[in-house]
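Just passing along the structure, written as structure tokens.
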Amino acid sequence: MRTLAQLSALVGGTVTGDASTVIHGVASIENAVPGTIVFADGERSFSLAVASAASAIVAPASCNSGPKPLVHVANPKLAFARMVAELVPSRAVERRVHETAIVDESATIGTGVAIGAWSTVGPGSSVGDGTVIGSGCSIGAGVRIGPDGVVHPNVTIYDGVRIGNRVVVHAGAVIGADGFGFVADGGQFHKFPQVGDVRIGDDVEIGANSTIDRGALDSTVIGDGTKIDNLVQIAHNVRIGRNCVIAAQTGISGSTTIEDGVMLGGQVGVADHVRIEAGAVAGAQAGIPSGKIIRKGTMVWGTPARPMSEFRKVFALVQNLPSLKSRVGELERRLTEIDKKTS
Amino acid sequence: MRTLAQLSALVGGTVTGDASTVIHGVASIENAVPGTIVFADGERSFSLAVASAASAIVAPASCNSGPKPLVHVANPKLAFARMVAELVPSRAVERRVHETAIVDESATIGTGVAIGAWSTVGPGSSVGDGTVIGSGCSIGAGVRIGPDGVVHPNVTIYDGVRIGNRVVVHAGAVIGADGFGFVADGGQFHKFPQVGDVRIGDDVEIGANSTIDRGALDSTVIGDGTKIDNLVQIAHNVRIGRNCVIAAQTGISGSTTIEDGVMLGGQVGVADHVRIEAGAVAGAQAGIPSGKIIRKGTMVWGTPARPMSEFRKVFALVQNLPSLKSRVGELERRLTEIDKKTS
Amino acid sequence: MRTLAQLSALVGGTVTGDASTVIHGVASIENAVPGTIVFADGERSFSLAVASAASAIVAPASCNSGPKPLVHVANPKLAFARMVAELVPSRAVERRVHETAIVDESATIGTGVAIGAWSTVGPGSSVGDGTVIGSGCSIGAGVRIGPDGVVHPNVTIYDGVRIGNRVVVHAGAVIGADGFGFVADGGQFHKFPQVGDVRIGDDVEIGANSTIDRGALDSTVIGDGTKIDNLVQIAHNVRIGRNCVIAAQTGISGSTTIEDGVMLGGQVGVADHVRIEAGAVAGAQAGIPSGKIIRKGTMVWGTPARPMSEFRKVFALVQNLPSLKSRVGELERRLTEIDKKTS
């Protein structure tokens, strides 16, 4: 429970209306009840927020009508996110190594670390200060996990994986499994040993049941600030830059490079040896063929992927094929008539 | 081992032929051996069943020829399913909390519950009578699991998830992980706290390694009787109605609503804020763009998804483009000839 | 550390240059340092290898210029793979059943087997000589795992699954979960009991978090030598032949047959009751509709999948639709002019 004044101070906002209003919780506009605060990021959501039962609204400066007290900020959603973190405390986790956890004596465990029941930490690994590891996790040998991270239950991290600071790994994710590398020999496939590693930067989030393979000879790399959703596949030797966003069920094949700030929609497939330059965007289910380069800032869609504007234009023509076919039929009819006349 | 009379009584059928025939097991038509019963759901499978080595056939009333004893029922596959359950006993599970399971003292465990080795149940959670939880499961705090359910091994259920009665969750599934919500701020992404929950109705089945995220502020909801296959992704705030069928590797993005009785094929992608009305069907790999409404009972296919009849018509025209192009070329040739004549 | 002579002998190669060169490790061409060996499989990579800091190159006989010592072999990548295995020792795993593992007294454990912490092996199961099972695995009842295999952590293997020799199963994979089989009855869906099993041949590799369902009444079968990537879904009653390669996130629906040597790209969707004949190839994201037969050796792409040559031809025409439309417009204009003249 906070006053609006306190919440506003937290986010550097300006209160319009009764700053002593007491706020008990956060809500979506749809489900707001008295005592909650909601956020609006534009005129439309603001008018819904005003009509809701919420007691206060976080809003941009441009929205300022109505009877409810407001907190004005430049980025209402970001400010609201901070209020959520303030008003909805996360469950306190006891900061200790559970008595059933098996931590190798050569591992280094920081202060304020929690390691859950039935987890294992292998030889030579380290877990940074304040990191929380859930139950049932398998952390291999020579793994480095930075401080202030969270590894949820049933995660498997293979040997030699290096994870930065403040990284969140959701349940069931597998980091560092062998890349899918085989050598054909007379119709059979022999394993190409996967002896590289995985390097994950700071402030990365990895979704539930996602898989990030180790490099074959080198590293698979995920840059700082990149966010990866659930069930995403990242193959060996992929290099992903900083602050990328990769939605659920997307797959990235071997040796592909993804530069900073790239956004990939859900179920996108990126083949091997592709380069996606900084700031490019691939729409959901796009398929980017082997070796392709997607230029800086381009937005692509479809399989094979092409610029969105081209995709839309061609798609409209495809949908209009019945009409084009009719026009061709009509031309043929007219021409046959002319042929009759002129013959 | 049952007589045909017993099996027929079980399903409310009518025996034609020797009702004392002894049945030892069930089989597919392809692999039937003497002593087994098979089912046929139409003329074609019935004639294969008659030709098989099976000792009896469950069949619709319309199929009644041949020398084998029959059990006539309205829904042969359903009746057969009941016979399978009768003739193939599932492995008896010892109904006890394994001595290695860690159940918080504030948790409520019903009667006849099994909790497997190395599983944890957090504070304030409850497990209903007769529910079986496998080994290696992590059940968080404040979780409710109804009676007569099955949670297979290595499942992770985050805090606050509510699961109804008779729900089956297959191995490796993750329920209640954080939704993929971030706020952009100057090229970086900040986590939007995911403080909602997940509510799963009765008689739901969730496939292996599927992921169902918790709501951001509200609930992610799965209605009664809905069946979800393996590796399916369901994002935050999705609302799914009753008796839907969602095939493997399909992904449903945030805040999408799926009404009752919807069927989604495999690898379908549904973007955010979509509404799929009752009884609609999306074919495999269909892609439904953001904000789209799929009307009641419609069947759609393709990316972007469009009505199946339109998809097929346009697809046929696309495949015929070589011919259309030739016709245009021929028109140009003829016109040039006419031009020559008339000039 | 080995001499080039030793490495060459290992792979049956021929050394050109100083056979006493000492090799400490392997590297990719991009990251080679002195003391490492690299491989080249053609002129282009050979010239990069020559320019690199590597101390020696494994190369085909056709590549033989330059100052660096060479090992000539018929299949450089295969030879190099063997050198990697020789030069990069895998971490020694203590061959014992961990004191926390729960192995049913009726299970048969071979010699030289490792079973990790917190794993369970159910009644009547067997683990062959030399097989390594990681931590947190759930191995059900009546499971057979052949010798010299590796089951990584947090894998779930349901009752009755049979796995051949030298099989590698990566973390989080689920083998033998119920197939997705339900019987509709008045708008509700009833479970069709899944009482079949899974049979996996020798030398198979199964990727992280992949799911292979048990047959409904019969077996789901994976043939010898088949390699399956991460997050792949294989439904009930699927039969896959020998030496197939199935890339990440591909899904194969129920009762489909895939013959020997088939290659499926990433995110391919194969519907039910499909037959893909020997040696056929499906490009990434291809969608193969229900009941379709893909003929021996064919390469297909697109949804619905069609021969690659046809796909490419039609795709080019689609991309050229703006031009075709212009040509039709021009024809109409010309025809209208002719009409004026001739009327």
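Which chain is which? They are A, B and C, in the order written, and residues in each are numbered from 1.
The rule is short, and it goes like this: a residue touches a chain if its C-beta (ideal position, glycine included) is under 8 Å from a C-beta of that chain, and two chains touch if they have at least 3 such contacts.
Just so it is clear, the structure is predicted and the values come from calculations on it, not from any experiment.
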{"item": "Arrangement of touching chains [line / ring / star / complete / other]", "value": "complete"}
{"item": "Numbering shared by both copies at the chain B-chain A contact, with half separating same from different", "value": "different"}
{"item": "Centroid distance [mean C-alpha coordinates] between chain B and chain A, Å", "value": "26"}
{"item": "Per-residue overlap in chain A, given as positions that touch at least 2 other chains", "value": "118, 136, 154, 172, 209, 231, 249, 267, 285, 318, 321, 324, 328, 331, 335, 338, 342"}
{"item": "Chain A-facing residues of chain C, complex", "value": "26-28, 30-31, 75, 77-78, 81, 84-85, 88, 91, 100, 116-118, 134-136, 152-154, 168, 170-172, 205, 207-209, 225, 227, 229-231, 243, 245, 247-249, 261, 265-267, 284-285, 302, 315, 318-319, 321-322, 324-325, 328, 331-332, 335, 338-339, 342"}
{"item": "Footprint of chain B on chain C - complex, ascending", "value": "102, 118, 120, 136, 138, 141, 154, 156, 158-159, 172, 174, 177-178, 180, 182-183, 185, 187-193, 195, 209, 211, 213, 216-218, 231, 233, 235, 249, 251, 253, 267, 269, 271, 285, 287, 289, 303-304, 306, 310, 313-314, 317-318, 321, 324, 327-328, 331, 334-335, 338, 341-342"}
